[in-house]
């Protein structure tokens, strides 16, 4: 019995230690920002592997999510003869929730896991130690550009997701289901508020970008340097990012859209 | 170096696509294209009861949106609601005896402020107060009044 | 460099070093002196923390107690900036080579030069070719690390390690998993680089025969203690039972063949069965 309690305590302490190491890593990453700006090539390279490589999956998902929203929304709205509100419904769901959240989830799966695996492997093959012995700070050189690349990419990806979703919804709603073109757009521009909806959505995606990249980098940097350890760290990145994104989304939504 | 160049172009394209998407959301999806955001002047109006009017509700004249409700406060001295309206600068020729009324869009729709221009000589300016207002119609009050008047009719019959 | 650098004092001086990982004691108060200009071998069974020792000297790990001085500077008292400056004068060859996998052999060797010297590209090219020539891989400069064999990767890493002409080179298990030919090449390189460039070398290994071939001085460590130290000949003649078992590679001796267990008979027929 006492052993069980001790195990519980040890597990709790382990979690706290992990959190502490993660928190300490952040200022170390940010401290490398100025040095990174002196070598913009490092950032461009990471923007490529984090942003450009994720763009396709985001674009395709965004379009299809918008199309499905339009189909489902039309079905429900037509029962109240309120098809004109289709544009608002599609745009509001995308801009407020689905854009930032689904993008962040896909980002964690595509870019986050890749970041963790890459850094974990660099650690396992002693590349990080090698940099350190060459008197190069591996956090500044390896982690900082990746952090900023993720931080910049996610809001842009979320915007692409929402924009293509609105267009996909327009294609299905107006093109296939015969909703009035004017109504789709005017209703949307009437009801969607720039500050309240668009900016809040962007803020969400900025927060998600920050957290998802941070988790991915921390898990890679803290991974047990074996192939097994890197695999586990990659899984942890996806699981933790997803849970944190959904949890934070609830909190942010309550703060932003609640009265 | 060719691969470097391709990469730079792709990254540039990615940033551009992202910004275009943001711009599209701002201009084509949201109300930003409808102005009012920056170039506005503010007037206040006092109502006995604002019903369920909310901040950011629209302000219309002849059915056309010309501004939005910016703030709703309660004046504890006069027991009235003070509503600040932000009106688009393009519509700055409203007479100072304009009438403000709270309407409901549809039977159960949201509430908004409708303005009816009067015939005054001078115009409303930044910081002015609209003198003539009519409060929101509150359903319970209306029903109450209706029942009361019915009851009065009945009692008239008796006597 | 400074007034510490008189040639008699040891380059690395380790005093009362204690290091623990979790509850396991890796080093339990060891003392070592690594002489200048010589090849010093640190040998011991697997898992005695030989790699850890190199990381402690390089300042990548922090000891619990005791001190490590490199060229008169106490590694763990230095500020980050000073530590980095010291590391520029140390080279380290990792077991896996630790080459950066996303850039070519040439760029790997050029990396520390570009990072720390600010030399023009034409000069860097010359220096890189010089270093690659020294390890016999000038022809492989366009290859990516993934295209190299294990032995070649280590030689490239060695070229990178000596790119900044360090005062000392640390080798972490340089012979593990090498075929006899690349083993011979590496032995030759370590010895000749040490003598030609007046470097100090620390070789961590458990390959007794190969290491003894090039070492001037040997430290044997086991269970967190220095078991014995001395010139190669001295170690070979040692009376110490443990040393004889290790050097001779015998299966049984002070280090038992059997992992500690209950009596065999008891285990087979006892109550636990």
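Chains here go by letter, A, B and C, matching the order in which they are written, and residues are numbered from 1 within each.
In the analysis below, a residue touches a chain if its C-beta (ideal position, glycine included) is under 8 Å from a C-beta of that chain, and two chains touch if they have at least 3 such contacts.
Note that the coordinates shown come from a computational prediction; the quantities given were computed from them, not determined experimentally.
In terms of which chains touch, the assembly is arranged as an unbranched chain of neighbours. Closest to the middle of the protein, by Cα centroid, lies chain A. Inter-chain spacing, taken between the CA centroids of chain A and chain B, is 35 Å. Taking the mean of the C-alpha atoms as each chain's centre, chain B and chain C sit 75 Å apart.
Centre-to-centre separation between chain A and chain C, using Cα means, comes to 42 Å. Looking at chain C, no residue sits in touch with two or more other chains.
Shared contact sites, meaning residues of chain A that touch two or more other chains, are absent. Contact residues of chain B toward chain A in the complex are 4, 7-8, 10-11, 13-15, 17-22, 24-26, 28-34, 37, 56, 58, 65.
Interface of chain C with chain A (complex): residues 55, 58, 60, 84-85, 87-88, 90-92, 94-101, 111-112, 115-116, 157, 160. Those residues of chain A lying in contact with chain B across their complex are 41, 44-45, 47-48, 51-52, 55, 91, 95, 153, 155-157, 159-160, 162-164, 166, 185, 188-194, 196-198, 202. By the touch criterion stated above, chain A contacts chain C in their complex at residues 122, 125-127, 129-137.
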